[in-house]
Amino acid sequence: MKVILKFLKKVGFIILSLAVGLILWQAFTTYSDIPSFIFPTPFDVWEKFLSVARDGSLLFHTLVTLQEVLLGLTLGLGAATLTGYLLAKSRTVERVLSPYIVASQSIPIVAIAPLLVIWLGPGIFSKILTSALIVFFPVLVNTIVGIRSVPVELYELMRSLQANHWQRIIKLEIPAALPVFLGGLRIGATLAVIGAVVGEFVGADKGLGFLVNVGRGLYDTSLVFVSVFTLVILALGLYGSVVFLESRLLSWKKRE
Amino acid sequence: MNSVNNQQPLLEVKKLGVTYTDEKGSLQAINEISFSVEREQFICVVGPSGSGKSTLIRILSGLLAPTTGAVFLDGSEIKKPRQGVGIVFQKANLMPWRSVLRNITLPLEIKSVPIKEAESKARELIELVGLKGFEDWLPQDLSGGMLQRVAIARSLVQDPELLLLDEPFGALDALTREKMGAELLRIWRARKKTVIMITHDISEAVFLADRVLAISPQPGNLRLDLKVDLERPRHEEDRFTPEFVGLTQQLREAIE
Amino acid sequence: SGKTPLQEPSNELTHIRLPMGYIPNVQYAAFYTAVEKGFFAEEGIELEFDYAYETDGVALVGANELQFSIVSGEQVPIARAEGLPVVYVMAWYEKYPIAVISRSELNIQKPEDLAGKRVALPGLFGANYVGFRALLGEANLKESDLTLESVGFNQVEILAAGTSDAVVVYVANEPVQLEAQGYDLNQILVSDYLDLVSNGLLTNETTISENPDLVRRMVSAALKGIQYTVENPEEAYEISKKYVEGLEDADQEVQMGILRASINLYQTDPYGYSHPAAWTNMQEVLMKMDLMKKEINLEEAYTNEFSQ
Amino acid sequence: MKVILKFLKKVGFIILSLAVGLILWQAFTTYSDIPSFIFPTPFDVWEKFLSVARDGSLLFHTLVTLQEVLLGLTLGLGAATLTGYLLAKSRTVERVLSPYIVASQSIPIVAIAPLLVIWLGPGIFSKILTSALIVFFPVLVNTIVGIRSVPVELYELMRSLQANHWQRIIKLEIPAALPVFLGGLRIGATLAVIGAVVGEFVGADKGLGFLVNVGRGLYDTSLVFVSVFTLVILALGLYGSVVFLESRLLSWKKRE
Amino acid sequence: MNSVNNQQPLLEVKKLGVTYTDEKGSLQAINEISFSVEREQFICVVGPSGSGKSTLIRILSGLLAPTTGAVFLDGSEIKKPRQGVGIVFQKANLMPWRSVLRNITLPLEIKSVPIKEAESKARELIELVGLKGFEDWLPQDLSGGMLQRVAIARSLVQDPELLLLDEPFGALDALTREKMGAELLRIWRARKKTVIMITHDISEAVFLADRVLAISPQPGNLRLDLKVDLERPRHEEDRFTPEFVGLTQQLREAIE
């Protein structure tokens, strides 16, 4: 009962806060005389949503982007976890690679996304790669921090118990690094969406980023809004999934 | 239970010396200590901070190799962590994501003991240390005294011959500490282990041990090897007897 | 060295921010020349170039935030169909500037030859897409008769890499670049098959009704710049260096080639006049492409009133 | 001496690692037959660098971007710090605002940058705002975490000393939250560069992002590389400044 | 030094009761305690964990308001933290970014005492607590015992009439603890303060105090108010006298 009440309270707050936002938005578009092709009303956007939802195109493009995002996330996650583990374990590897990693983090992905399209073609791979690239850094950093935060005493314990390499990874490092790692994944999940969209912006004929471009090309700002909102919801959904994962895997931390 | 020659001492420390060396220079932590320990003895080691007590435990447990000299367990030299030695650290050193039961089964899991068997052994020990009913609790929900009980149970689960304790009650308050001491004696009597325990507290050492080793600081030297001939079982009131007071004063002088 | 135009500040000059739709480029020589030669100043106009996206410029004109913008022809019917009260008041290019190019060894010479080929274009929007679909329409081909790939503005690289058979490009730009790199190309020009509304000057209904004189002055100055550029391409090129970052260091032959190719697209007679047939064709193509939901009254979309 | 040696060793590693990168790059361009307008050689890029450095245009555009970045960073930092402080202090404010904040974090900035240009015009403001927007989130999160990590006991201490509101902020909250806050600023500093570039991509006639576009427009890929490298160096410079600031302000943490 | 009537007790606790109330319910921590403290007395309070000792200190320091009853200092009711009361917490509670000197001047800075004056007062106290030469050290470089000396110096810097100590030596080992106790007695004699000190350690309480209050747990009740009539100065050997042992046993029975 209490849990349900608490949940309702939380949801209530979100709904309240969204309602306030909607009202402000409606008021803004009503009392300023901005034309709807520059800033549509909530009602315009809702109508557009119904229309693209009904003809199935919204679902289609959403699934395309979702696929890119999930594959990009998987790829970025895998690469970052492996590299992160190596970097956390070896100072030498870290020294050789870290200039590139810090530099790569400061390259605007928008500047290199076209190169990826050239190299990988206009298909899904270039989007997966932009997505993976943008996911890489935060996950990498948190993997390193996570592994380095494993208490030395627990390493000593494992050593004194004569644990082998794999047992150390599975029974100690993974569970101990998980909280920090999942924190990186939270950020990574939303970034993955942004990465896929950047890839789609450069050149694509499907996906929500493409739909944004279509809306812009047709002066259909409502379509732009519907697409952007869908992207936000996608990102929030992924974020929520990670939070859910956290609540499952880190239930031992819940009561902190 | 044990095929080796029982006349020979369980543990022999021969001209042990330890020097730590790092970038900043080197530091002699222990300077030629020799002693030996008979089976089923309860030994306490006292000494001020920095006298190399923890270093000694690390050597005995095989986590650290001696710089000079050697240590023999059952006649064979200790070179790395091995079966038959249980360790309890100052911090209980439990895995926060594992329940009480799971923390205690950990050493058996690492030895690939079937989980059923591991659990039944662990339950036995949980009863021994007085934690029945707390099997599924997480470390964060336990008090300091309870945490140390779990750590002790974990160190016993492989049925080691030798139990090494590095200031196991250092983090506990005076009252809890006294209770835990009595508890440890009870377990020691029930299981008939050889125990080497480090402590800051001279009164605690005399109360618990058959023999107290006093170490002087920097580099650690064995100053006094004191036999405690007080009758067992001992009681709180014994602390105020002239013999008890005499022994503590002897030790106090040795390490100051 | 900032490349913003410097003019004597004067109270009488009307300040106009003009979205150009692309980055500073020698293709805009006509406007740079008009400013440098004082044609705009003579008409009491102080021009500021704005290199925002084309659609942003159109939207701002539609909202009467700005009075003018340079646009590609297809944007006008699309925008009007969405309810933007924009009006095309001066044709700058006569010919639609889109072409499909391919390496000559593939022997793609007419639209029909595109059947079954891999064709790359920046995306399914804008002049490239419209021009390409118009070509397909002329050859009675459907999109599904070939493989279409959206690659962003990377057509040159794609063609060089050979991952596509043909690419849709801007007539005055990519082919010049590629030929300079030694590629032998076949070109299919949209304008050889169909007359479509091309680049020009856009304003909105409010400006026309409230300040027709401003529109007239604007058009007049721009036309003078166009004419001067046609007549003095070398000088126009030199003038452009002041406005176009990197032009000085770029390959002069290539850039001059781009300017010449652009001038080829300019209106010849009379300057600024927009052919009604081009509008009808454009609407037809856009309706077929589903880029317009409803037909519009073309009479309201453009006027030749100011260019005469 | 030791410090200098250590520094040289560090710099040496970076130089070594860059040299390896350069050699690989040169080898790649030599042995593959990619034309230089698609992928230039290190030498092409160096020549282009000298030419734009000599005529002052590189400096001009760099200063433009730097100005946008610094103003954007200041704005984003100011807004994030204030909001973060409020959110850290009030659960209610947090509940009302947090849906928007999480959602805003998942909006691809590339999707809304054009809108900002429409609203704010093509001048410097739209770039400052994209930069500030992208800086906002990580700084906000770290401000909240930083303020929430101030130990309750120190709050109690300040209360028992009858400190007023301002004294609490200046003598306790700012110094205590600084380490985490500066961690956010590290990320924010590199993101600020990316934000300004995204703004410049959408519509600008100066700045390094514009220069990238110019290079692409002229098929002068060397210019694109020079601009991107300059951007990376700008970002690394800002990152380095924050690290330097940390080493100054957090000297009390150095020996950890 | 003090204009109020010196016959009246410094501190009067009248029918003090404290109940904590939160979402989960309410808990009576202290149940009607009354006692009074004369000037310059050294009082120790002992009791098992959870008996409300810290709660009592929080009330006396004005950090917490009583649920029922009242506390009077110099005849006026304590309602919030006030001048004339120095507090030492269980954890030394120093600001890690401030040097020893700066930690001690903090209370004076908050009262806007000129920094020169504050520093000279602080230096006096640094000498009193035996930390001369450590003025510029940071807390992280000090041992536990030194940290508590700093905390004691800080509590004395405003020259309070009443000194409240909540298990100040709880984190120290047995040997250091004994030394700090002697140190505290020396300071108390030098400055002639009224001291109320909480401790877990019965032997420590008897050794230090003029009077020991024993509190029983849940809800806290005053079980025993024991006068300690041992001669001062006291010596370590006194711990083994029959009177001493008798007093400790009396207290042990009271709280068990």
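We just call them A, B, C, D and E in the order they show up, numbering each chain from 1.
One rule holds in what follows: a contact is a pair of C-beta atoms (placed from the backbone, for glycine too) under 8 Å apart; a residue touches a chain by one contact, two chains touch by 3 or more.
Source: prediction; values computed, not measured.
Under the contact definition stated at the top, the chains bordering both subunit C and subunit E are D.
Top-ranked chain pair, ordered by C-beta pairs in contact, is A-D. With each centre defined as the average position of its C-alpha atoms, the distance from subunit A to subunit B rounds to 49 Å. Distance between subunit A and subunit D, defined via averaged C-alpha coordinates, is recorded as 20 Å.
One simple way to say how far apart two chains are is to compare their mean CA positions; for subunit A and subunit C this gives 38 Å. Centre-to-centre separation of subunit B and subunit E, using mean CA positions: 35 Å. With touch defined as above, residues shared between interfaces to two or more other chains in subunit A number as follows: 38, 114, 118, 216.
Counting partner chains per residue, subunit C shows two or more touched chains at residues 53, 59, 153, 157, 161. Contact between chains, as defined at the top, is found for A-B, A-C, A-D, B-E, C-D, D-E. Contact residues of subunit E toward subunit B in the complex are 48-49, 143, 170, 173-176, 200-204, 240, 245.
Touching subunit D in their complex are the following residues of subunit E: 61-63, 80-83, 85, 87, 89, 91, 93, 95-97, 106-107, 109-110, 138, 140-141.
Within the complex, the subunit C residues that touch subunit A are 53, 55, 58-59, 62-63, 78-79, 82-84, 120, 122-126, 148-154, 157-158, 161, 163, 291. Those residues of subunit A lying in contact with subunit B across their complex are 151, 153-154, 156-163, 167, 171-172, 175-176, 250, 252-253, 255-256. Here subunit D touches subunit C in the complex through residues 35, 37-38, 51-52, 55-57, 60, 114, 117-118, 121-122, 202-206, 210-211, 213-220, 223, going by the rule given at the top.
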